[in-house]
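One chain, chain A, links the two complexes that follow: it is found with chain B in the first and with chain C in the second.
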Partner chain A sequence: MAVALLRQGIHPRGGGCICLGGDCPNCVVEVDGVAYVRSCQVAARPALEVARQTDTPRLPDESRPLETELRTAFADVVVVGQGESGLAAARDADGTVISFDAHRGEEAIGLYAGPTVVAKTPAGMVSVQCSRVVVATGAAEEQPICPGSELDGIFTKRAAESLRAAGIDLGDAVTIDEQPQRFEGSGRVEAVVTAAGDRIAASTVVVDLGLHPRSGLLRMGQGLEVEVVGDAALTDSLPPPPTEGVVCPCSDVTVSDLEAVWDRGFREMELLKRATLAGTGTCQGGVCLPHLRSYLAAKGVSTPAPFTARPLTRQATIGEVAAGYDLPPFRRTALHDEHLRLGATMDRFGAWWRPWRYPDPEAEYWSVRERVSLGDVSTLGKMEISGPDVVALLEKLYPCRVADLKDGQVRYALLLDERGYVLDDGLICRLSEHRFYLTFTSGGASFAEMWVRDWAETFDLDVRILDRTMSLGAINVTGPLARELLRRGGVDSPPAYLAHVDAAVFGVECRIVRLSFTGEVSFELHHPFSDSVELWRRLEEAGADLGSYPHGLDALFTLRLEKGHFIVGMDSEYDSTPRRLGLEWAARLSKPDFVGKQALLRTNRLPLNKRLLGWEMDGPAPIEGAILWQVATPVGQVTSARYSPVLAKTVMLGWLRSDPAEPEGISCDGRPVRHASHPFYDPDGARARA
Partner chain B sequence: MLEPLEATRVIARPAALDAVRVSPGTLLMRLALDDALVIGGDVQVDDPFAIVVPDSGWVAWRFGEDQLREALVRLCAFEIHAGLNQGMVAGLPAKIWIDGDRSLVIVAAAYAAEFEERFR
Partner chain C sequence: MNEFVESRVRLTWPDRLRSEYDVVILGGGGHGLATAYYLATRHGIRDVAVIERGYIGSGNSGRNTTVIRANYGVPEAIRFYQRSLELFQGLEEETGRWIMHKEKGLLWIAHTEMGLRAERARAALNHAYGAETVFIGPDEINEICPQIDLAGGGRYPVMGASYHPRGATARHDRVVWALAEGAMQNGVEVHQNTTVTGLKVSGDRVTGVKTERGDISAGVVMMALGGQVTMVASMAGLRLPIRSHPLQAFVTNHYQPGLDAIVASTELLFYASQTARGEILIGAEIDRQPSYSYRSSYGFLSSCAGRALALLPFLADLRVLRQWAGICDMTPDYSPVMGPTGREGLLVTTGWGTWGFKAIPAGGEAMAQLIATGEMPELIAPFGLDRFARDLPLSDRGSAGTQ
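Up next, the complex of A and B:
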């Protein structure tokens, strides 16, 4: 395309030395609405829309598809460049070879660990995983750096040869082989003043100033299996130091700019680059790098190395950069479509889509408090673990006692890290002497397996571990009538509080786990993923005359807050110990050992500098995160706040960070706040245990 | 496209899984040293502490060789070979089983909808 434009007497950029090698920014244009396209690297064809590049290129409009395909390929060897040395390297390589040839519009733009080579091609983006990369990218011609280098009519030697070969008359072209003092002219070059001071009139000047290896990919591949061949392996000799003119035509950085930042103390290559932006533009140092090194060398910096090369070596569109990238997936429980059928508003929580609210939020809440309700808790982490050393492992993992659990019993447990901070919480269910079923929070599920496996290996304990989070569904049946609903499902002997049984509910084999997060009688029915819809519908039908209505996360957050249950990651912070959370009872320091014990022993001797406390106030709930004030001093923040329908006041959890003797005189949102013990609702737990 | 997969999950000592016995016609995929997914048959493993449980948390897409090349290759971040392949397909964790004319893609049922959307 550059040749076609020049044939018409049009300089693609308006001026500047043309190289036709893809090494400079002097032929960039907009092609079909895409800015920063080197016209020397694009084949001209009918109907291409070409416009001059402006300082503020237009953004793509809807007429141009943004998406670009990414193809992943595999090869033993990737050869970048198909000149003489590149062809030879491809021919002689062992195994499968993939080559990229800039003359076919295939440009390697990045080299990553692996090694992986990413290239732009006319067919889209290509990512090649390989064992070895051969860089055969050749060498770039040195550009003139002097006043007037921005004029039209200046060509490198190779460019001139290509243009002449294309039948373009360069007129009275003069060739120089040293950096000139300056070019003269207005718009187009009229004369060149050589290094020796001779003024030569010419409407075209050809510069033959030497070669510099195209080392971008090689430098990008440091530490990887990368070999360089041909001119790309040339020893790079420095040009004479620039004294005047534009050094970096991409960012319009002049020698005066270099002097200015040098005087301010930026005296290394990377600092020079950052301070001036030289080398950060279109050509990524293709023009300026040798001159910057020469500039520093002349200042006494010994052998200044080239600056770090990073992808991308070429401009890419957003579509090209995003090619093949997929957004992180969100899981759906087996009941996803049931929630939609019931009119739920779904939201993303953790890694899952979850029902936030159904059409009647009041019914969600009161069906739990007064009747019976279903909640989808399939997102809970679930794990089965067995083995001769399973008790030993769990005793080390959990700060509570495990060995004394009897078959069929359930225990609430915290999970601590080595620093004694709460990582997660959940349940320990004993299935048999050597087999347990563990639950974790929805957010902690993905981490739990790694955590348990890691410690099993660390302690060299013989256990089998299976994460069942995505293979089991779970439905929470909760409310004063939950037992009746289970009875209708065929369960005459549901488990006692903090116990579990395996039983069929409406014909679906379930592990029924009895605990309570809502504060009412609750049975979690853990069951095969494939049975979730059947079980949900049967429970829904059987509970209709009991006033059953499902509840989503929004209602659940209110219900659990009334009970003062904290949520890991929502109410706890990264450094929350059981003591800070008011859960000292959950850590048995009399146990011989558990993860985090030594840290707890140490930190328990320190003053308690923050506590998670219960609070209440009149009126509506403040936003979560609101500051707690003691007069004019911020002393903490609210982590959870809800207006409680059953208590007719706002209840909250929040950190008291400073150390007032008594949490008195506290305000939030401009209103007084009272410290209150929690649970706020049913403090003795009679309803949950009923 | 995707169909529910009724499988059995077997977690056992690696040595026990090496010697696992399955009935004829059973497909056993060794997901990890201590982990196998068994489709369509009985399994016996010599480990008293093994966890052997039905697992309905998967969906599968059965396909032919041409479909594989057309639809899968461009979306896989790994090189597909005969036997069990595991890795990201269209940004989702997946398993691809290639065995002559019996080939299938397996993803967790929780990802089924997202997988189908990404394949359209």
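Up next, the complex of A and C:
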């Protein structure tokens, strides 16, 4: 494109020495609305819209759809550059070779660990992981640094050769081979004054000032399997120190700017760069780096190193580098379409889409409290664990007792980290002597598997671990009529409270686990996910005349809060010990050992600095996160707050950040708040056990 | 000359390294220099040497993403960063130097019900402890930053945000230089290119440092090192609860001002702002693997670009100029550590994770006060190293923006 423009007598940028090698910023234009495009690196084609770039382009107003693709590949050798040495390297290399040729628009933008070379090509982005990289990027021609260097009509030697080869007449071009004193002219160059002081009139000046290796990729590849061939391996010799004129055309930095900051104490390469912005523009030092080094060398700085080479060596747009990336998806349970059919508004919760409302949380709520309701709890973490050492492992993992669980029993348990902080909670179900079924929170599932496996390895225990989170669905049947619904499904002897049985429900093999999060009789039906839809529909049909209505998360959060159940991560914090949560009973310190025990033994003796407490107030619920005030002093924060339809008041959990005997005079949202023991609803748990 | 050439700061360098100073500060980054600055200007303690392995600001002070904010998630942090935010507001007037401080307002976007809940709680807590943060809905978000795609790329719809109107940016290098100059003018010596090889220890007391250029005795040694603090601390037999992880970021070429607010999303995991020069600066999460490597990765660039485009699709045609990495010292609770070390004569300011830049003035002010008075200032008392043993962590993972 640069050649096409110059053929028309148009300097792409209006002035500045043209190199046609992609090394300088002097041919930058706006192409199809994309600014900072080096026109020498873009093939001209019909319908491209090219505009001269104003000094500082405007941000785009809108975006276009992303069309670039990313291709990933493997090769034994990647050769960057297809000049003579690059071609030879590609020919002589053993194994598979992938080459990038800047002359065909294949620009390597960075060299990363692996080694991995990423290139922008006309076909899209390409990322190649390889065993060895050959840098054959050649050398850049030195740019003239002197007054007048921003004029039109100045070309490097190679640029002039290319233009002539393209049939462009450069007229009475004069060639100089030393940094000149200055160029003269207005807009277009009219004369050049050589180093020796000779003034030569010319409307075109060709500069042949020597080469500097394009070593960016090589320096980026330090510590990786990278070799360099051809001109890229040249020893870099410093040009004469610049005395006047623009050193950095990207950031418009002159020698006198360098002088000014040097005089004020900026005497390191990096300080000089950062204080002037030289080298921080489009060409990333392509023009100015040799001159900055020679400037510093002349000041007595011994062997000033080039500044750190960083990707991108050649530019790509944000849209281009995003090629191949997809936003993390959210998982759907097997019942996703059922929820949509029932009119649920779905929300993303942790890694999952979950029904938030169906859409009437109050109807959902009363369905649980008074009749029966279905909840999709397929997102729970689920794990089967077995083996001769399984009891030993679980005794170490959980702060509660495990060995005394009988076959068919269920126990609620916390999971602690080594600091005694609550990581997760869930159920322990004993299936047989050496086989257990564990559940974890939806958000904790993937971490839990890692956690259990890590500790099994650490203690060198013989267990088998099978994560069933994705392969099993789970439906919670909850409400006073839950037993009747199960009976209709063929279950005559449902499990007692804190027990589980394996039984068919409407012909679907289920593990029926009985505990209660809602406060009513609850049976969790864990089953193969392929049967989820069948099971859900049968339950729905059979429950219709019982007044069954499903419940979403919104209603569930109210139901569980009335019971005072905390939710890991919503009510608990990073440093929530059982004591801070008011769950001392959940950690049996008389056990010989469990993860977190040593920490709890120590920290339980320290003063208690905060507690999660139950609160109640009249009127509607404040926001979750509302501040608890004691007169004008903030003393805590509410973590969960819901208006309780059955209690006709607001119930809350919230942290009190002190340990007064009985918190007095607390207010929230401008209203008095009472500390209240929880569960707020059915404190004896009679309904859940019924 | 471009308008950003530093034209006022004058740095003066000492000729030789002496063998004794009242105070030796290890690390010539923002925190070390701010401490020296406040020691000299507030407490008249001027026999101070700052020892820097490279050039001043060469560590995280010159690699961070320059956001200043106080919208943290624990009371102690809100108070501390609010003090820092206020000191930043006055720093140009105090030093007479242009640090390109600009109040922009920070939008912390929520994309789910749980995200909304977190941002509402943040606004309430900030308000209670003196930082200005309000919860706003999509319409107000659109007014503040019309470029945000409220559909969030389809998967991350914008449902609300906490808005922190005093959120600001400043040019990191200039903060370093303004503080360095102020310290130097008041007699502080800053020694660049000086590598610490050991600490001088006598019993339980640290009495000085060993460097490649000679040993130095000191009444107080303060470690203000980013990235390598655990290694230097180990020279005094001290273990710190720090893991160092790289954090990456990238910038585009420069454009005319247009992205007025600072935009962040914890759920999408990225944040973006426009620098004073006009570059769009985008950062995201720390690398999961602990490492001292400054190497950038394409995986980071690509995924971070993709996430940013979900919210700010108009950035698609901007050309990426450069990507880089810094090393973040992460604490277990995502809060910094300031104060005594348990070794007499040795203080530390560390654990600056991904929140160090915004804390420079307040951290320096407090550490200077600690050195001058021997007493932990109330503002930073909760941040002592002993908080882990006392089981009083300041858990603020949700405010790091980079978890």
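Simple rule for what comes next: the second predicted complex is superposed on the first by the 639 of 690 C-alpha atoms of A that agree within 3 Å, B and C clash if a C-alpha of one lies under 4 Å from a C-alpha of the other, contacts with A are read in each partner's own complex, and residues count from 1 in each chain.
To be clear about the criterion, a contact is a pair of C-beta atoms (placed from the backbone, for glycine too) under 8 Å apart; a residue touches a chain by one contact, two chains touch by 3 or more.
Keep in mind the model is a prediction, meaning the values are calculated, not measured.
Visitor: Does chain B (first) or chain C (second) touch A:87, or do both, or does neither?
Guide: neither
Visitor: Please indicate which partner A:173 is in contact with in the superposed arrangement: first for chain B, second for chain C, both, or neither.
Guide: In the superposition, A:173 contacts neither chain B nor chain C.
Visitor: After the superposition on A, what does A:318 contact: first (chain B), second (chain C), both or neither?
Guide: After superposing on A, A:318 lies in contact with chain C but is clear of chain B.
Visitor: Quick one: classify A:238 as touching chain B (first), chain C (second), both or neither.
Guide: Neither partner.
Visitor: Once chain A of both complexes is superposed, is A:333 in touch with chain B (first), chain C (second), both, or neither?
Guide: A:333 sits against chain B, while chain C stays out of touch.
Visitor: After lining up the shared chain so the two structures overlap, which partner does A:44 touch, if you call chain B first and chain C second: first, second, both or neither?
Guide: In the superposed model, A:44 contacts neither chain B nor chain C.
Visitor: If we overlay the two complexes on their shared chain A, which of chain B and chain C does A:434 touch? Say first, second, both or neither.
Guide: First partner only.
Visitor: Going by the contact rule stated at the top, is it chain B or chain C that touches a larger number of residues on chain A?
Guide: The partner with more contacted residues on chain A is C.
Visitor: Classify the contacts of A:533 with the two partner chains as first (chain B alone), second (chain C alone), both, or neither.
Guide: Touch partners of A:533: none, neither chain B nor chain C.
Visitor: Per the contact definition in the header, classify A:392: touching chain B only (first), chain C only (second), both, or neither.
Guide: neither
Visitor: Take the contacts of chain A with chain B and those with chain C, and give the residues found in both.
Guide: Touching chain B and chain C on chain A: residues 70, 325-330.
Visitor: Any idea which chain A residues touch chain B in the complex?
Guide: Contacts found on chain A: 69-72, 74, 129, 325-334, 336, 352, 384, 386-388, 434-435, 462-466, 468, 470-472, 528-531.
Visitor: Report the residues of chain C in contact with chain A in the complex, numbered from low to high.
Guide: 1-2, 4-7, 9-13, 54-58, 62, 75, 111-114, 117-118, 120-125, 127-129, 153-156, 173, 177, 192, 252-256, 258-259, 268, 277-278, 294-298, 301-303, 305-310, 313-324, 332-333, 390-393, 395, 397
Visitor: In their complex, what parts of chain A are in touch with chain C?
Guide: Residues 33-37, 56-64, 66, 70, 110, 112-113, 116, 118, 127, 251-254, 256-257, 260-261, 264-268, 270-271, 274-277, 280-282, 284, 308, 310-312, 315-319, 321-330, 347-350, 356, 419, 553, 570, 573-575, 577, 599, 602-603, 606, 609, 623-627, 629, 634, 637, 639, 657 of chain A touch chain C in their complex.
Visitor: What residues on chain B touch chain A, complex-wise?
Guide: The touching residues are 4, 6, 9, 11-13, 34-35, 47, 49-51, 53-58, 73-74, 76-79, 90-92, 108-114, 118.
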